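To keep things simple, chains are lettered A, B, C and D as they appear, and every chain counts its residues starting from 1.
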Amino acid sequence: MSLLEIENLSLDIGGTPILKDISLSIGRGEVMGLVGESGSGKSMTALAVMGLLPHAARARGSIMFDGIDLVAAPEAAMCRLRGDDLGMVFQEPMTALNPVKTIGEQVAEGIRWHTGANRADAETRARAMLHRVGLPEAQFPLTRYPHELSGGQRQRVVIAIACALKPKLLIADEPTTALDVVLQAQILKLLKSLVAEDGMSLLLISHDLAVVADMAERITIMRHGEVMEAGNTKQTLSQRAHPYTRQLAEASTHVPHRPQSPGQSKPAPLLQVKEVVRDYPVRARRLFTRPAPFRAVDHVSFELPAGRSMALVGRSGCGKSTLARMILALDRPTAGSIRFQGEALEDKSEDALRPHRRNMQVVFQDPYGSFNPRHKVERLVAEPLHLLDRRPSPAERRESVAEALSQVGLSPADMEKYPHEFSGGQRQRISIARAIITRPKLIVADEPVSALDVSIRAQVLDLFADLNARLGVAYLFITHDLTVARAITDEVMVMHDGRIVERGPTARVLHHPETVPARALIDAAPDLERALQRQGAA
Amino acid sequence: MIPYLAKRLLTGLLTLLAASIIVFSVLEVLPGDPARIMLGMNASPEALAALRMEMGIDQPVLARYLDWVAGLATGDFGRSYTYSTPVIDLIAERVAVSLPLALLALALSTLIALPVGVYAASRRGTLSDTLTMGLAQVGVAIPNFWFAMLLVYVFAVGLRLVPAGGFPGWDQGILQGLAALLLPAVSLALPQAAILARVTRSAMLEVLGEDYIRTARAKGLPRRAVLWRHALRNALIPVLTIMGLQFAFLLAGTIIIENVFYLPGLGRLVFQAISQRDLIVVEGVVMLLVATVIAVNMLVDVCYAIADPRLRTAR
Amino acid sequence: MSLDPVFIAGPERHILRQALSNRSFLIGLAIVALVAAMAIVSFVWTPHDITRLQVSDRMQGLSLAYPFGTDHLGRDILSMIMIGARNSIAVAILAVGIGIGLGVPLGCWAAARGGWLDEAVMRVNDLVFAFPALLSAVMITAIFGPSAINAIIAIGIFNVPVFARVARAGALAIWPREYVLAARASGKGRFLITVEHILPNIASVLLVQGTIQFALGILAEAGLSYLGLGAQPPMPSWGRMLFDAQTRMVVAPHLALFPGLAIVVTVLGLNLLGDGLRDVLDPRVRRQR
Amino acid sequence: MKKLAAFLGATAVVAAMSSAAYAARTDLVLGVVLEPPHLDPTAGAAAAIDEIVYANVFEGLTRIGQNGEVQPALAESWEISDDGKSYTFKLREGVTFHDGTSFEAEDVKFTLERAMADDSTNAQKVLFSAIESVEAVDPATLKVTLDHPQGSFLYNMGWGDAVVVAPETADGNKEKPVGTGPFKFENWAKGSSVTIVKNPDYWGEPVALDKAEFRFIPDAAAAIPALLSGDVHAFPMFPADAVTQVQGDPRFEVVIGATEGETILATNNGKEPFNDLKVRQAIAHALNRDEIIMGASNGFGVPIGSHFSPANEAYVDLTGTYPYDVEKAKALLAEAGYPDGFSGTLKLPPPAYARQGGEVVASQLREIGIDLEIVPVEWAQWLEQVFTNKDYDLTIVSHTEPNDINIYARDDYYFNYDNDAFDAVIEELDRVSDPDKRNELYAKAQRIIAEDAVNGFMFQLPKTGVWDAKLEGMWENMPIQANDLTGVRWAE
C-alpha cells in the first residue's frame, strides 16, 4: 500500500476551481516529481496534503496518508502529523525562517513540541540534525540568527526543521528555484541523501523538468489543476506520449534557430569596457575604524562587437548586475572606463548621455515590475522616444509604437491596454518593444527569461534571436542560466567574485570549461538529456 | 549598533541645539512684557524698569541666549520670572505628575490594546473581530477631553468613586496619588489604546501572512502557539514605533486633560507660563520635552534591536 | 509557483467596483458626504440665524423649533453645528493641504536626491517631530493671536513632516523598481521620473494618509478651539461649543452631547473612508483579505 | 478583569476614607481661579496674591471690612491733624511676625519707604504718592506726613499693596510670606495649591480653622465637578455660568454678592469715530444691559450707568441716562454721519464675562450697523496693546480696584478721555475729607462720565460665591480682592 494516496481531490478557493479531480500516489521511500507551469495547482496540492490551505479553500475527495484521511482530519490531528510524519520545505529560504529566533530554537521547537523532550535534549538533537544538513556546530552554532546565514544555508535550516523527526513524507515545493545553479545542485544532493538515509518518501515539486528528471523515480505532470500524465520518469519523458509532456520537454531544451552569426569578420567594437572597478562602502560596525569597501566589480575589461550576442554568466552576487548597470550608465564606476561607440560614458552628464542612451536599451527580468502599472502600453513603449532630439507628434508616436509592437509579435491594438491585462510572456514582449523603439545598437538584457515558464521562455528566446538577425542589434545577456547562453549567444563570459575568469565562444566554454568557477556552473546546470541518460544508467 | 547609537546621540544633540535656537527666537517675537503682567495696570514705569532688571530681560538678545544655553549645558535652566524660583524645581514638581500620568496611561493603553489587537487579528473576519475593531474605530474618533468630561460626571460626580480632579501630592500617599491620576489616565489611554489595538492587529495580520508562519505551522504548532511565539514578536516593531510616539504625546500633549482635571502637570505649566510671558519656563519645558522625544526615539531604537536581531548588526 | 501578484492599480473602473463593495468605504463616504452636505447647505440656509442672539431663548431643551436645543446665548445648536462643520472641514482640509503641498515635494526631493540632502531633510523632519505639537500650536497662536487661520498653520506645520516621511518612504520603494530604471535608461531626469512614475504610484498611499490627517486635523482643531485658540466668535466651532457647554453640563447635557457627537461621527466617517480606501488601493492589504 | 475590579474597589475605599472624617472639621479647601505668580502682595498686581494672603497672612495699618469700610488693624487708632496732612498711628503692642520677630513702628516705616523707593516694584505705587515722610516716634507710635491732604489715605493703607512686612523677611516673601496675620504660610505646591495654618501666637481673636488650602482651579468646567464631588468646600468666585447647576442643591449655599468690578465696554475716546459723543451715545443706547448680563454672567450682576459700585453709599443710579433704544441709537449714528454704521474691532481678554459678553455686545451693536470684529487677546496682549499702547477701538474689561473713578482723570489713560471739569472734581475729592461733601463730589463725577458716555457702562461684576451649606462666615461681597478667613467656621 502506498504511503500517500490522493483520490479525486478537488479544490476551490472562494468559488474559483483550483484543482479538478487530482489523483496521485506515493509509495514508501519513493521520490515522486510533480511538474507543472505556474497556475497548474502543484503548490495547492502540497498545501492540501499539509492541511495548510488558505481560509477560503474548500477541498473534496480524499487524501489518505498512512491510513488517515487528511481531508477530514481535525486540526488537532493535523498538528500531531505536521512536523512529525509530514515535513515540508518551501521555495523562498530568505523568508521561510522567523527572523527573530535563532536557528537552534527553530529546529528544536518542533522536536520539543512533538516529543516533549526538554530543552537540552531537543538542542542536542537539533545540533545533530543541523550537522547532517551541512551546518556543523563549529561554524554554525545554534545561536545564529537566520539573517546571519546565506540563502543556501537558510534552505539547509529549513530542511533540518522539516526532517528533524524523520518524517515519513517530505514535501519539497520548488526548494531550489530561488537559488543559483550551484546551490541548487548542492541542495538537491542533500535532499537525495537524506531521503535515502532515512527512508523518507519525497514529493518534489518543480517547474523544471531537468531537476525532476534527475531526482524522481516517478513523475506527475499537471496543468490548469488537472493531472496530464503520470508514470515512470524516464519512460514518460523519453516517450513523451502526452502532447503536453512533449511540449514541456521540447520547450525546456529549445534552441532558437539563428542564422549563422553575421560575418566571421570582426566588426568594430561597439562597447569597450576597460579595467572597470566598482566599490561599495561598508557600514562601520565599530567606532573609529572604517572598514574596507566591498568590491563588487574588480578590474573588468572586455569588448563587444556590433551586432554580436554575448552572455555574462555567473552565480548570484558575482557582480554581473552591477556591471550591467554601469554599462547602462545608471551607476558610475569607481575606476576604469566604459566606451560606447567610441565615447567614454563614465564622466558624461545626463544630458550628454542622451544620444548614447538612444542606442542602448534594457530589458529586465521581472515582467511584472518593469512597467508602471498606471500607464497604458502606448505610453510605456513610447517612453524612450523621449530621447529623440525632435519630439515626435502624437501620430508619429503611435505609429512608432505600433511598429515596435508588431515587431515583437503583438497587435498594434494592444497599445490601448494596461500591462496587467497581459500574460508574463506578453509583458516581456512589451518590454522588448520598448527596448527596440529607438532602434538601439545594443540591448542589455538582465535575466530576461528566468521568471517565465518554460514554454513561454522558448518563445521569447526565439524573439530575441529573430530581432538580432533582423535588426542587427547586439545583446549583452546577463544570466545565471546556461541554457539561455547556449541558446542565443555567440560568446560567453564567466564572472566570479567581481572578475571575469573565463571568456570564449559559447560552444567552447560550455563544453570545455577551463576554470573552476566555470566548470562548477556548467556541471551544476540541470540538463534534461543528461538527466535522462543518468536515469537510464541507474 | 554602538556606532549607530553614537551617531544618533550626536544628531540628537544637534537637534537639541537647533531646537534651542528655534524656541528662543520664537519666544523672542512673542508680544507682551512679563514685567507688565506681574505689576498690572497701575504700575509705574520705574517699577516696571526695576522689575525688568531683576528678571534680567533688559540684556541684549544674544547675550541672553548664550547665557541660557550655557546654563542648559550645565543643567541650570534659569530662574522663573514669575515664581522667581529655579525653573528646574518647577519642572521637577510638574514632572512628578506628568511622568507617572504618562506612564500609567501608556501602561493602561498597552495592556488593553495588545491582547485586543492580537485577539482580533487571530479572529480576522469573524463577528468578534468586526465588533472590536468597530469599537476601536469609535475610540479613535473620540476627542479625549470630551471623554474625560463624561468620565468625570459618571465616576467622580455621579458615583463619587474617585476625585474629580486635582492632585494631592505624592506625600499624601501613593494610593491617593494614583486615585487622582486614574481618570485622567483612563481618558488619555482609551483613545490611544484604540489606535494601538488597530496597529497591533494590522501588524499581526501582516506577520501572519509571512512565510515563516507557514514554516512554523508546518512544524505542527497549533495556531495559538504560532500566534504568541512566532507572530507577536515580529509584529512588535510597528507597535513599538506607535508606543514611542504615544509616550511623547502623552508627556506633552495633555494640556487639555490637565485642564479638565486641574492637574499640576507640565502642559499646564507651559500654558500658564505662556500667558504670563514667563518665557524662560516655556523655553526650559520645551527643551526638556524635545530632549525627551529624542531620548524616547533612541530608546525605541534599542527596543527594536532587542525585538529584532537583524537590527543589531544591520546598523 | 505563486499566484499572479495582484496589481497595485489597474484602470479606474476596477477600483470603483472594488470600492463600491467595500463596507467601510461606503459607510465612511456616506458620513463624510452628509457632513460636507451640512456644511454646504449652511452657506445658504440654516434653521436659525445664529448671528442674532436671542438671549431670552437661552439653554432651551430639544423641541421642534430647536431640534438640538439652544446654547447659553440662545443660538440654535443645530445651526451652529452645521456652520461649525464648515469651520472644521476648512481647517482640516487646509492643514492637510499645507502638509501635502510642502511635505510631498520635500519627501520626493529627498528620495530623488539622496545623500546629504536626504539626510538634512529628514533631520529637519525629526526636529519638527520632536516638538510637542499641541504646545507649539499654543505658542504659535500666542504669537499671532487665536484665529482659524493660525490654527490651520499650527496644525499644517505638523502635517508637513508626516507627509514628507510618507512620500519619501513611498518614493524610496518605487525608485529601485525596474520601470524607474527603464525610465532612467530612457534618459528621463529625476524631476520627470518623480512626476511620471513616483507620484502616481504613491498617490494612493498619500490619499490614505490624507484622510487620516484630515481626521486628526478635525480632532486637533476641536482641541485648539476648546482651548480658545481656534476660530473666533461669531464663527461657531465644535471645540468651543464643547468648552462653552462643559460649565453647564449638569443642567443642559445636550449642549455637550451634540457637538461631541458631531466630532466623533465626522472623525469616524473619515477614518472609515481612509480604511476603505486603503483596502481598495493598497495591494498588500487586498491580498490579505 | 477581576484585578481591575479589585483596583477600583481599593480606590473607592480610599475615596470613602477621605470623606469620612466629616464631623466638626477645622480644615477648609477653597477653590480659587488663578494661581498667584508669587505671594508678596507688595510686589505684584495679581489679585491672586491678595486673594490668599490678605488679612490671612498679612495685615496693614488698616483693613477693609466686609462692606468696604475702613477698620483698624495693626494701627489700634489714629489721629489726623487739622490740616489733614499729618497722621499719627497708635500701633498694637505685643504683635509678632510669624518668624518670631516683634512688630514695631520701624517695620511700618520700612514698609512704606520700601514701597515709595525709586527701585520699588510695588504695583500700586500711586497709593503712596502723597506721603512726604514717615517717622517712627516710638515703637508703638508712627507719624506719617503728607504733602497734601488725601481723603482716601486711610483707605489706601488698607490695600493689600500696603501690608506691613518685616525688613528681615521682606525679600523672601515671594516664596515664603511672613506677616502678622492669624494664619501662617505652610506650603505652596506649585500649580496645585497653597496651604496656610492657624497662627497660635496671633494677637487678636484666634481663628476657628486650623488649616486652609487654596486650590487653583483655573478651568470653569473643572470647578463644578470639584465642588459636586466634595473635593473643594468653597468657591468665593464660582463661575457664574455654573451657578445654575448648584442653585437648587441643599448641600450648597449660593450667595450672590457685589464686587468692586465695574464691567465696561471701554472705548477709545481718542480715536475716530469714537471721539464723537453722538457715536458713544448711540452705542450706549444700543446696549441692552439685561441681555448682556444674561449672556456674560448668567444673569447675575447689577446694571450700572456709570463707573461706580452700587454697593457704595455715594452711588447714583444713572442707568436711565441712555436707555436701551435701537431707533434712537440709529438716529444718533446717522446724525454723527454714519447712517450705514461702520466697522471696528472688539478686543476681548480671557475672562468669561468678556468673551461671552463680547459676543452679545457685538450682536447688539450689529443691530445699529456697527460691525465689530471680535479679537480675543490674552492678558499679556491686552496689557500691551490696549492698556499700554491704546491700540484698540472697543474692549470689555472689569475694573476691580475699589473706588477707582479717578482713573478717568488720569492723563494718558487708555480711555483717552479728557474733561477738565471732571479732573477738577477729582482734584477736589483728593483734598476733601468731609463724608457728605465727598459723596456729593462722587455723584457729580459719576454724572459727568455717564453723560459723556465715555465707556459703555454695563454691570457690576457679581461675586458668585458657592460653598458648603455648613460653612459660616464667608464674605458675601468682595469690596477688595481678598478671601478673609478670619471669621470662617464649620457649623457644629
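Just so we're on the same page, contacts are C-beta pairs under 8 Å (C-beta built on N, C-alpha and C of every residue); 3 or more make two chains touch, one makes a residue touch a chain.
Just so it is clear, the model here is predicted, and its values are computed rather than measured.
Asker: If I count C-beta pairs in contact for every pair of chains, which pair wins?
Answerer: B-D
Asker: With chain centres set to the mean of the C-alpha atoms, which chain is at the far end from chain A?
Answerer: Most distant chain from chain A: D.
Asker: Could you state the distance in Å from the CA-based centre of chain C to that of chain D?
Answerer: Distance between chain centres: 45 Å.
Asker: Quick check: how many Å separate the C-alpha centres of chain B and chain D?
Answerer: Centre-to-centre distance between chain B and chain D: 38 Å.
Asker: With chain centres defined as C-alpha means, what is the inter-centre distance between chain A and chain B in Å?
Answerer: Each chain reduced to its C-alpha mean, chain A and chain B end up 50 Å apart.
Asker: Specify, in ascending order, the residues of chain D that touch 2 or more different other chains.
Answerer: 221, 224, 228, 350, 378, 381
Asker: Would you pick out the residues of chain B that each touch at least 2 other chains?
Answerer: If we look for residues of chain B contacting two or more partner chains, we find 31, 149, 153, 157, 259, 275.
Asker: Which pairs of chains touch each other?
Answerer: The complete list of chain pairs in contact reads A-B, A-C, B-C, B-D, C-D.
Asker: Which residues, counting only chain A, touch chain B once they are in their complex?
Answerer: 50, 52, 55, 75-76, 79-84, 86-88, 90, 92, 95-101, 106, 109-110, 113-114, 145, 147-148, 158, 161-162, 283-287
Asker: Would you mind writing out the residues of chain B in touch with chain D in their complex?
Answerer: 31-34, 36-44, 46-47, 50-51, 54, 82-85, 90, 93-94, 149, 152-153, 156-157, 160-167, 169, 175-176, 178-179, 182, 259-262, 264-265, 268-269, 272, 275-278
Asker: Enumerate the contact residues on chain B facing chain C in the complex.
Answerer: Chain B residues touching chain C: 11, 14-15, 18-19, 22, 26-27, 29-31, 137-138, 140-143, 145-146, 149, 153, 157, 205-206, 209, 248-249, 251-253, 255-256, 259, 267, 270-271, 274-275, 282, 285-286, 289-290, 293-294, 297.
Asker: In their complex, what parts of chain D are in touch with chain B?
Answerer: 8, 10-12, 14-15, 18-19, 35, 37-38, 43-46, 118-126, 174-175, 189-193, 215-219, 221-222, 224-226, 228-232, 350, 378-381, 383-385, 387-388, 401
Asker: In the complex of these two chains, what residues of chain B are touching chain A?
Answerer: Residue list for chain B touching chain A: 2-3, 6, 125, 210-212, 214-223, 225, 229-230, 233-234, 307-310, 313-315.
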